[in-house]
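Starting off with a structure, shown below.
Chain nomenclature is as follows: A, B, C and D, assigned in order of appearance, with residue numbering initiated at 1 for each chain independently.
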Amino acid sequence: MPDVPSLFYTFHFYLFGLVAMASAVVFVTRRSPVSAAMWLVVVMFSLAALYVMLDAQFIGVIQVLVYAGAIMVVFLFVIMLLNLGHPAELADARGLWWKLAAGAVGLGLVAELFTLVRGATAAPYTLPAGYAAQQVAAEGAIAPVAGPLFHEYLLAFEVTSVVLLAAIVGAVVLGKRRADAR
Amino acid sequence: MLAESLFFSAVLFSIGVIGVLTRRNAIIVFMCVELMLNAVNLTFVAFARVYGAGGQVFVFLVMTVAAAEAAVGLAIIIALFRHRHTVDLQNINLLKG
Amino acid sequence: MNEFLTSIGYMHWVLPMLLLVPTLGAAAIWLHGAPGGPPGDDDVASGTAGAPRLIALVTLAAEFVVSLGLWWAYDPAVAGWQAAFNVPWIPSWGIRFSLGIDGISLMMILLTTSIMVLAVLGGWTSIRRRTHAYYALLLILTAGMLGVFMSLDLFLFYVMWEVMLVPMYFIVGVWGGDRRLYASIKFFLYTMVGSLLMLVAIVYLGLAARSRLTGIPDFSYDAILATARVSHTAAFWLFGAFFLAFAVKVPMFPFHTWLPDAHVEAPTPGSVVLASIMLKLGTFGFIRLAVPLFPAVATNATVRAIVLTLAVIGIVYGALVSLVQPDFKKLVAYSSVSHLGFVMLGIFALTVQSVQGALMVMINHGISTGALFFLIGMIYERRHTRLIEDYGGIARVVPMFAAALTVVTFSSIGVPGTNGFIGEFLVLIGAFRTYPVYALIAATAVIFSAAYLLWAIQRILFNALDKKANFHIPDLNRRELALLIPLLAGIVWLGVYPEPVLRRMEPSAERFVQSVQTRAIAQNQAPAGGIE
Amino acid sequence: MLIQSAASAGTNPLAGTAAGWMWAIPLLPLLGFLINGLVALTSAAHFGPADPTAASHAAHGDDDGAGHGDAHAAHASTRHRFAAVTSIVGPGVLVAAFLLAAAAFLAMRAVPDLSAPFVQRYFSWMPVGDLSVDVAFRLDQLSMVMVLVVTGVGMLIHIFSVGYMREDPGYPRYFAYLNLFVFFMLVLVLGANYPLLFIGWEGVGLCSYLLIGFWFSEKANADAGKKAFIVNRIGDFGFLIAMFLLFANYGTLDFSALQAQAGAFVFGGPLITAIALFFFLGCTGKSAQIPLYIWLPDAMAGPTPVSALIHAATMVTAGVYLIARSNFIFAAAPVAGLTVIVVGALTAFFAATIGLKQWDIKKVLAYSTVSQLGYMFVGVGAGAYVAGIFHLMTHAFFKALLFLGAGSVIHVMHEAYHHTHRHDDAQDMRNMGGLRKHMKVTWILMWIATLAISGIPPFSGFFSKDEILGTLFSRADGSTLAQAHWLGLPGTVVIYGAYALGLAAALLTAIYMTRLMLYTFHGPNRTGEQERAHLHEAPWVMTGPLVVLGILAAVGGWFNLPEIVTRALPLGPTGLLEHWLDPVVGAGTARVVGSGGEVAAGTEGLLIAVAVAIAVSGIAIAVTVLKPARLVPKAQASPEQGFERVLNNKYYVDEIYDAAVVRPTYDVSRNLLWRGIDTGLIDGLLVNGSAWLARLTGWIGSQFQSGQLGTYAWVLVLGVLLVLGAFHHSVLP
């Protein structure tokens, strides 16, 4: 990748970013859980595209597979299972003041985050520009992630499996109808 | 592209927060949380480009946790729904001591 | 006597032994086990109280005998700590199990061991439920109180301080009267607030005295006294922490309101221990820690004025409030506020006479007020009321009780020839040298104390015997006489011939006054550095 | 424990004589106290009290108010099991003590020019730092006189009590208290330093308390005892402060050591004046002077011999003794001396006016005692220490006689009522009258005492009272007192004013005493027909001591005859007491006299004539004005009107004190201090308030715990905003 991104690259980067934000806005404003979920899937895809553009091809793929694919499917599955979407369920949003307050909080948060990220880049640790792209070119998309994952973060990686196991067990236990539940 | 990524990330995160604050449907709130996680992932990926691939590892871990969370969280919602026949958070205050 | 004591190496083992004996006694009661049946059962009636009660009595009697040797073995002419016992306890924190006594703690230890024996006798029949737990707690309480008096390590001091707090909380809260929970929680919280601050101060001091080579803190009293260097500001706050801890315990006005409640609700032995010994721990703390550790603060004109004002307010206020109490126990409790005010006046007036007087008041108050609470307990056991108005004219029915109560009352009033006079006189005559106005106001207590106590005993003992319930109260029995006679003897002995006691305490009191004064001057001249 | 100090005893010529046994003089009564106290307690333990219901009934037999305190003496008829032991031990120890005192006195007399006091040091009482208080007795001429008076009069009263109290169920207890009193009184007069004197001082107060409230089942009696003790304590407060001042400035409390420093006292300085005035505050309490005299009339609630011994002859004169003992202090403080004179003179007059309208025979005597004590203070205040002590002595004789005589009368009245089962006031003079026919001996003896107290020569009171007034008059010129100013008034004016008050009081004394005699012994008998048959003279065990006291009251003046008399008549030696006391008080007196001197013989004669004339006219007025025949018994009497009523109610001083001091104290204590500050402010606001605050914060916190995830999310997000904001401000530029 060249130092100065091409117009094509820049255009698509902004495009996917805007799509992600717009879909996110649509997502939180949908009343129906199903359509909300669908819009969220759009956000996920846009993000996957951004990941790819940020030289994280592997993550982009995983994003599509795990998030957009697996997790969102589970969501949709649950929504269907519970048969949500009755008018009573849809009368979900809160009052105007509540929304305004939430919007103000959101804007405040954006403002604060923004000022924070502007002040943050510790120069001594930054890699040379384009290093990530060269690495991908040299080692492929997976090796740069797999290296740290199985060396420095091996313990964390292994613990993740425990977390997943616990989650599976928990989900099974919670999902099981108890004998006395009736 | 770092600044733009971070900007996108901040906006997405805030939208997620607004969603958590305004919605009462447990599943949608849950999805908002997922959105916030994704926003953070974007930050990680963006920084990984500047500071090294360690950030991508974290995204990997976050996804795992998100998956686990989704499993457990949805199981809880199902259990709650069975019990209360609603996923409206206003009607659920089991946390009250 | 001295040869005998030396031959058995008495001074080498006496202090740890004094802590060990009650602990073993408590363990023995625990091993003996609780009686079967529900915990609310009347153990005295069912005869199961006997074993724990006997173990406690024998243990405390042995304790008293062991401690008695100190009377002879202690040599007032020798400066410094005696009967010292010092072993490492938590070396990495510089905490040592360090014990030792001077003339002041000697008398307090003897007071404690003697009063505790009587306290067991005092509750012989009135403590009826959960007796095994009660006697075990009483023994632990004894160990805790003695530990405070003999600790030479500040951390150990704190530990002992808390060790004695817990049993007392339970004694009030479990065996107390109707409002025992309120009283015990109030007692506990009041004391805890102060003692936690004290812990902070102790840790600060321990760090301030840490070794320059190893960085290990040092909590030993002597080391802190010699090497802990704290800034003036820090000293002020540390003194404040100690002050609060001890002022609550004393109790000084306005930290006294836990006392009437705790006294009224506590069972008789609890009241006695509370009044006779535990209140002294507060004033002892002032003498041992708060004042010597921060002489510059303690002798600061403003600080002294505040403390003395509170002390004098306590003296007069306690007396005036006693005047109008309908409950005899409460009356005595408020009179304690008044008496302990004298102790504070004596300590902070900082003359040899006033400090000696303060120590005498501590001893005398232990004897006289202890005896008063015993007497109240005896009559309460017979009539189940503490209200003064429920009595009247009972001197006709219980002449021996009346005689004892009268003598004790006059001791509490401070009539010359009884012990009460010696202490108050010395405090006032000493305080008059440095603070004549405070002494003058405090001296009015001689009028008020006579007023409230005489009015009370008149309404109890004298006047017409006009209530049917009082017609057939039995007089004191042998156990009660055996309990009271030592106290009455003490009242007369200390009133007529206090010289042996004064002689044993004098060098310690003198050292206290002198070291505080000289060190205060030194500290004021050479500004100390802050904690590094 | 008794360690005789060889150092001090060896040098004194009295060592090794009977005076060396002086420690035994107080110890004997103490021994008596122990034995009698043990008898009282053991018998109670063995036999238990009488059936309380019956006892209570006896105590309430007559409910006609105060003033019949002696009722119980005759009411209860249960004689004590060990009464015989008490009858021997009680008076026996006093007889022994008196004999020892007499032997010591003879030993002292045998030593010519004895100037140094004989001090025996027994053990160290309070050695603290530079304070050193020893238990030590000091026998000098002054304490010798006091010891003789205390043991002598005490012995007679003990013997009298054997008869008076023989029917009382508390007989051993009574003697225990009385013995204890004598012990403390002897400690008071023998103590070699102020703290030891203070032991006696408070100890006698304690015994007084116990004996006033001896019949404690009557609330009035218990009240009176309590009042006496508390009022005395106000005085004791002054005594304590005076001691503190002495120690703080002179570093010792020992009489000899202080006297040695007397030269260093700043004459008339504020310090020495303050010391003297604080001591005098103590005296006003113990010796019942204005403003603290109020307890003494109430103290008549005790048995009559107690009134005679404690509240007339000995304890109440302790203040006079204290000033005489501290003469070196008072002589250096003329303003204090003038204060003593003024208070003494006012008390003498004021109490005498109240005495005019009292009906209770003991109350009259009580106010008379207050009045006579006023005279004594005028004497010692004027530096006439000898005169003060002299009057103390003669007063002990005639007032003890009067009280015991009154006791006999009451005893007889009571027995009469007892026989006829009537409940009436045995002490009210309106119920008496014409008793001279039935009680001849008592009647004669009482008249002797009356003439003595009125100041009729040659009875003892004449000499002592005249000496006080004469010396006072002479002090108006040239003495240090005359040169000082008191509240802006020149000392001379004050002294003349006090002299006039003294004369007025003398007139009133003669009137009220004659009134007492007329109403009690003369005129028609008002006891009632049935009772009259039972009136008779008291037994000899009671009249015997009366006779002895009668003789002393009659000839007591012999102890200190003035020169003007001895020059005219060869009655005896001149100024015996004055010479005797000179080593103790001579220097003090000389200091007060200053440049002044004795009055001229002619003036002195005139003064005596005036005094006698006043006394005689007082008696004459009483005899002519008062009509015993018109008196009706108490039950039929109508209440007094106008000023008489004010007098009868003692100027309402008790009521004023009650409203001004006692009630406010109780009210402030109860409502402001206890309910307001303690329960309200500290417990209510601060203690429970902080608990309430903790609960409130907890409640507020718990409101967030709604269980609503939405709320939690809001709180969380707001928290994030805050933290980020703070981070933003602190970290970022």
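Operating definition for what follows: a contact is a pair of C-beta atoms (placed from the backbone, for glycine too) under 8 Å apart; a residue touches a chain by one contact, two chains touch by 3 or more.
Remember, it's a predicted structure, so these values are computed and weren't measured experimentally.
Engineer: By mean C-alpha coordinates, which chain is most distant from subunit D?
Structural biologist: Measuring from the centre of subunit D, the most distant chain centre belongs to A.
Engineer: Which chain has the mean of its C-alpha atoms lying nearest to the mean of all protein C-alpha atoms shown?
Structural biologist: C
Engineer: Let me have the rounded angstrom distance from the C-alpha centre of subunit A over to the C-alpha centre of subunit C, please.
Structural biologist: Going by mean C-alpha positions, subunit A sits 69 Å from subunit C.
Engineer: Per the centroid of Cα atoms for each chain, what is the distance between subunit A and subunit B, given in Å?
Structural biologist: Subunit A and subunit B have C-alpha centres separated by 8 Å.
Engineer: Quick one: report the Å distance separating subunit C from subunit D, using the average Cα coordinate of each chain.
Structural biologist: Chain centroid spacing, subunit C to subunit D, equals 38 Å.
Engineer: Taking each chain's centre as the mean position of its Cα atoms, how many Å separate subunit B from subunit D?
Structural biologist: 95
Engineer: Could you pull out the residues of subunit A that touch at least 2 other chains?
Structural biologist: 105, 109, 113, in rising order.
Engineer: Residues of subunit C touching 2+ other chains?
Structural biologist: Correct list: empty.
Engineer: Can you tell me which residues of subunit B touch two or more of the remaining chains?
Structural biologist: 17, 21, 24
Engineer: For each chain, which other chains does it touch, given as pairs?
Structural biologist: Pairs of chains that touch one another: A-B, A-D, B-D, C-D.
Engineer: Taking the complex as given, what residues does subunit B use to touch subunit D?
Structural biologist: Answer in residue numbers: 17, 20-21, 24, 29, 89-90, 92-97.
Engineer: For subunit D, which residues are in contact with subunit B within the complex?
Structural biologist: 702, 705-710, 712-714, 717
Engineer: Which residues of subunit A touch subunit B once you look at their complex with the stated criterion?
Structural biologist: My answer: residues 5, 13-14, 17, 20-21, 24-25, 27-28, 33, 36-37, 40, 43-44, 47, 50-51, 53-56, 58-59, 62-63, 66-67, 70-71, 74-75, 78-79, 81-82, 84, 89, 92-94, 98-99, 101-103, 105-107, 109-110, 113-114, 117-118, 121, 125-127, 132, 135, 144-145, 147-149, 152-153, 156-157, 160, 163-164, 166-168, 170-175, 177, 181.
Engineer: Could you list, by residue number, the parts of subunit D that touch subunit C in their complex?
Structural biologist: 1, 40-41, 44-45, 48-49, 52-53, 55-56, 59-60, 123-131, 135, 184, 195, 198-199, 201-203, 206, 209-210, 213, 216-219, 222-223, 225-226, 229-230, 233-234, 236-237, 240-241, 243-245, 247-248, 665-666, 668-670, 673-674, 677-678, 682-683, 686-687
Engineer: Would you mind writing out the residues of subunit D in touch with subunit A in their complex?
Structural biologist: Contacts found on subunit D: 717-718, 720-721, 724-725, 727-728, 732-733.
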